[in-house]
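Read through the structures below before going on.
The following pair of complexes shares a single chain, chain A, combined with chain B in the former and chain C in the latter.
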Partner chain A sequence: MSRIRLEGLTRRFGAVTAVDDVWLDVADGEFLVLLGPSGCGKSTLLRMIAGLLGPTGGRVLLDDTDITHTPPRERDLAMVFQSYALYPHLSVARNIGFPLRARRLRKDAIRTKVDEVAAVLDLTELLARKPKELSGGQRQRVALGRALVRDPGAFLMDEPLSNLDAKLRSSTRAEISGLHQRLGATVVYVTHDQVEAMTMATRIVLLDHGKLEQVGTPEEVYDRPASTFVAGFLGSPPMNLVPATAESRGTLRAHATDLDIDLGIPAEMPARPVILGVRPEHLRLTTPEDAALRGVVRTVENLGSEEVAHCLVGDARVCVRGPRPLGLRAGDPAHLTAAPETLHLFDPDSGRRLAWQPTPDPAAAEPEVPLGSPA
Partner chain B sequence: MTTEGAVDVEQSVGEGSRLRTVGGHAVLIVLSVVCVFPIYWLYATSLRAPGDVYSLSVLPWPLSLEHYADAFAKADILRMLINTTIVAVLTALGQLLVGLLAAYAFAGWKFRFQKLLYLMFVGTWLVPFQVTMMPNYVLLSRLDLLNTLAGVIVPTLCSALGVLMLRQHLLGFPKELLEAARMDGRSSWGILWTVVVPTLRPVLAALGILLAITAWNEYFWPALVLQRSNDVVQLGLRSFMGTEGNDWGPLMATAGLTCLPVFLLYMVLQRHIVNAFVRSGLK
Partner chain C sequence: MVAGLLVESPAGEGVARPRSAAAVPPARAVWWRRALRAAPPYLYLTPAVILLVVWTYRPLAQTVQLSFHSWNLLPTSPIREVGFANYERLLDAPDLGASLWQTLVVILGMLPFTLVIPVLVGLLSRRVRGRAGAVYRALVFAPMLVAPVAGAAVWQWLLDPSAGIVDKVIGSPVNWLHEAGTAQIAIIVITGWHIVGFAVLVVSAGLTGINPDYVAAAGVDGASRAQATRWITLPLLSPTMAFLVLMTVLLSAQWTFPLIDTLTQGGPAGATTNIYYLLWDYGFHSYDAGLGAAAGVLFFVGFVVLASGLVLLSDRLSHHDD
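Let's look at the complex of A and B:
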């Protein structure tokens, strides 16, 4: 198993920069998920790691070897494609054995290995079939088997579950996670599905327009989003983002139309514009006197176990999520509040997360922008 | 009332379209008779008794195989058929190989002057045979290949049609399949033979048949190269044409035999051919 390092990896297509100066260190045995909206450069990044696409700048290192200019077949990597890319003219057994035949292993060694992998993936009965005689989930497992059979240094997967229905997707998700734990394999996994990312990843990389937005564990990216992009991408519905002004009145408060909330920071500083972020599940209903946000309910969505109320506070949209029944109906006034520790502040210009630094320390490499300094 | 009216309209539409169908079929029947009649006449004449060659009766009667016996006696038909088969098969295989390699390069790689080279390659299609005929002939005579089967085959090995069709198919080839094979450890050469060729087998078969039939039917070029021999059957036909008149009976018999392999090939593989061409049209 291997460690993968990307050093300033960049790829341009004419005027478009698909991947922009990406620095990344994927530790041995890590399950790294590349997450981002469509067109943000996930596949391009993965294909550069695979060697299917040359970078226009930067380096790729596998363990300590520079493999930037090594052809794919000499890199010790296996890839699972979104379309599965099974060889249509070959049986399942020969599809799985293909990489071994390419490496000229002995026939009986190939057979043993294929049988072993087929048993792990529950494909033993299907070994004689052609890909077109398989269901989507079975094809997906064959594609996985073809990657597994090689014992590669790392697995690269490009949206391998996106062609499956919801139920199959969640079972295959568990299967892949299980495989990762059993093999201790390094995996780089591309998806635009945040549930996949949150459930499978040891670390998530959020990409936007080819740039790294944030790298961290699922908890880190969810609990401390580094930017409004990350905050607005994760969660369903995502974090509420409301433009406001931060100002000291004894303690620091954020206020806007129909909004006035305690940020829980005992500090003095000049007023400044901020973006206030609060997750829908952290907002709770309260009495009109205690309400920090006063709005009107527009619609209520029933998710089965929970309900989501879409409200309008001033002219900002704010969602509230909670156990059903939430006790709100369209047209009702909504009186909401949230605990200070669940609030997030972002810089309106850069979108970066703002942090309160009681003692500014220039040596600390905080990615976060200081909110202000003690007055 | 309204429903009845609707039914009426529907019926009249049905009748109109039935009329059109009948008309269409009539045209098709006339056309196929026009196409098939000469071939029928060929076989009919070849089967008439020697005295009846100029008979205009539609049904040949009494039937006789005498012309066939005559043809076999006057010319070495079997050897000619074998030679022709060799020429057709080798030409088709050679053209397929050249076409495959060229198309793989044109479709799979980006290199300098790619467009220009491709245009030139395909442009050879537009150059009339009469233009290249003399230079090729001179070259063959310098290489001492005149009057050999190799002389017939080698100059035709590069078929623009083959390159064109195969490139089109390769452009539609799923890219992820090629990339998967690269990840799985195959070289470009290995990918061509382990992934591309097996997947394109129906296309290659259809194109191969088309090229083989074309090569089989070729008359002029073999006639030029094989001036002093009757090595291929198309030239063997000449031996029945004399200055003092043509020997129609054996000529028709030989011509009939010449057509048979092509008919057989087409009938056996018809579905294959039609499928591949329909699919190549849709993709």
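Let's look at the complex of A and C:
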């Protein structure tokens, strides 16, 4: 198993920069998920690691070898394609055995290894079939088998679950996670599905417009999103983001129309515009007197175990999520509040996260950007 | 204590159904309404069917009919019924065997131009993309746009033994079109030059239809470029190749026709007379319409059998990409 390092990896298509100066270090045995909306460059990045696409700048290192210009077949990486790319004219056994055949292994050695992998993936009964005679889940497992058959340095997976139905997806998720733990394999996994990322990753890389937005454990990216993009991408529904003004009134408070909330920082700071972020599950219903946010309920969605109320606070749309029944109906007034430690602040221009930093020396000049965050 | 029972809850229903209601009979429209609804597909098909009947099936039926008669194509002369005499004459004549052999030679000689060269060119030119690719394909396709007779006239000059550039280049005076051995080669090469662009286009289309993920996956799986071509691309291209073989077998002799008629008229000494030229010769040189029709019917039946076999074969090959 191997470590993968990307140093300033860049790819342009004409005037479009699909991947923009990406630096990453994927540790040996790590399950790294590249997460982002479609068009964010995650698949392009993966294809550059695989060697299917040449970078316009930067280097790819496998362990300590520079493989930027090494053809894919010499890279010792296995890839699972979104389309699975099962060779349609070959049986399941020949599909799984293909990487070994290309390495000129003896026929009986190939068969032994294929039988082994088929047993692990529960494909033994299907070895004689052609790909078109398989269900979606079975195809997915064959694609996985073809990657597993030759202990590669790392596994690259390009949205391998996106063609499966919801039920199969969650069971296959667990299967892949189990496989990763058992093999201790290095995995780079591309998805646009935050649930896959949160459940499987040891680290998540969030990409937007080809740039790294944040790299961190699932907890880090969810609990301390580095930007409004990350905050607005993760969570279902994602974090509420409300433009407000941060100002000291004894303690630091954020206020906007129908909104006035304590940030829990007893400090002095000149007023400045911020984006206030709060997750739907961190908003609580409260009495009209204690309400920090006052809004009107527009609609209520029933998710079975929980309900999501979509409210309007001033001009901002704010979602509240809680166990059912939430006790709200469309048209009701919503009186909401949240604990200071669950609040997030972002810069309105750059979108980056703001953190509170006390001025080290009272005599020194004020910091360039007054930072305030309670979390 | 209150007495009670646990009662199964009924399956959900959109509307309450009366307990007593029998099975609801399916709604059925009146017959003319149903006919009107079913009519459009047939109406759309009608023009094509009429054209097929007028230009294909009726002449075919007339040919079969004519093959049992004797007629010299003159409207004033009588058409006599002769039974199977035309077929007997046809099978007794030595021309038939010779022309079948020449047809086979043409088909085999065409395969390099319709299959081997196009596949090689298609594979090699895959990496020529964008505008360069379009220009390249246009250049390869250009001969197809030259009228066969015009092409033939130019080739006649090129192959001329006294002034032609071909003999000048190879430096030996070969009388290409008037020697038994070389005339057939000349016909095949000129037809091949004509048709190769079309075949390249078909192969390029076939290659474009193959999902590039397969070759990418083969690369990641460790296959060299040659292995990926041999194990992945060519098998996936086999339906296209089967189509080209089918076209070659069925149409080669027809493609050569304008060239033969312009350059050799079937000669020298019948060396370039294939079955199509033979039946044309019977009908329109010898004015033996019955014999020509009999030959036509025989070749038609033969090609139907051959084509069915090839179509079956290509069906078995084309289960591939889905």
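Everything that follows uses one rule, which is that the second predicted complex is superposed on the first by the 359 of 375 C-alpha atoms of A that agree within 3 Å, B and C clash if a C-alpha of one lies under 4 Å from a C-alpha of the other, contacts with A are read in each partner's own complex, and residues count from 1 in each chain.
Assume contacts are C-beta pairs under 8 Å (C-beta built on N, C-alpha and C of every residue); 3 or more make two chains touch, one makes a residue touch a chain.
Since this is a predicted model, take the numbers as computed values, not measurements.
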Simultaneous placement of chain C and chain B on chain A, clash or fit: clash
Partner chain in contact with A:77 - chain B first, chain C second, else both or neither: both
Partner chain in contact with A:132 - chain B first, chain C second, else both or neither: second
First (chain B), second (chain C), both or neither touched by A:197: neither
Overlap of the chain B and chain C footprints on chain A, listed as residue numbers: 50-52, 71-73, 77-79, 81, 83, 85, 87-89, 98-99, 102-103, 146, 150
Chain C to chain A touching residues, read off their complex: 211, 213-214, 216-224, 227, 231-232, 235-236, 319-322
Touching residues (chain side chain A, partner chain B) in the complex: 47, 50-52, 71-73, 77-79, 81-83, 85, 87-90, 98-99, 102-103, 146, 150
Residue ranges of chain B in contact with chain A within the complex: 174, 176-177, 179-187, 190, 194-195, 198-199, 201
List of chain A residues in touch with chain C within their complex: 50-52, 71-73, 75, 77-79, 81, 83, 85, 87-89, 98-99, 101-103, 130-132, 146, 150, 156
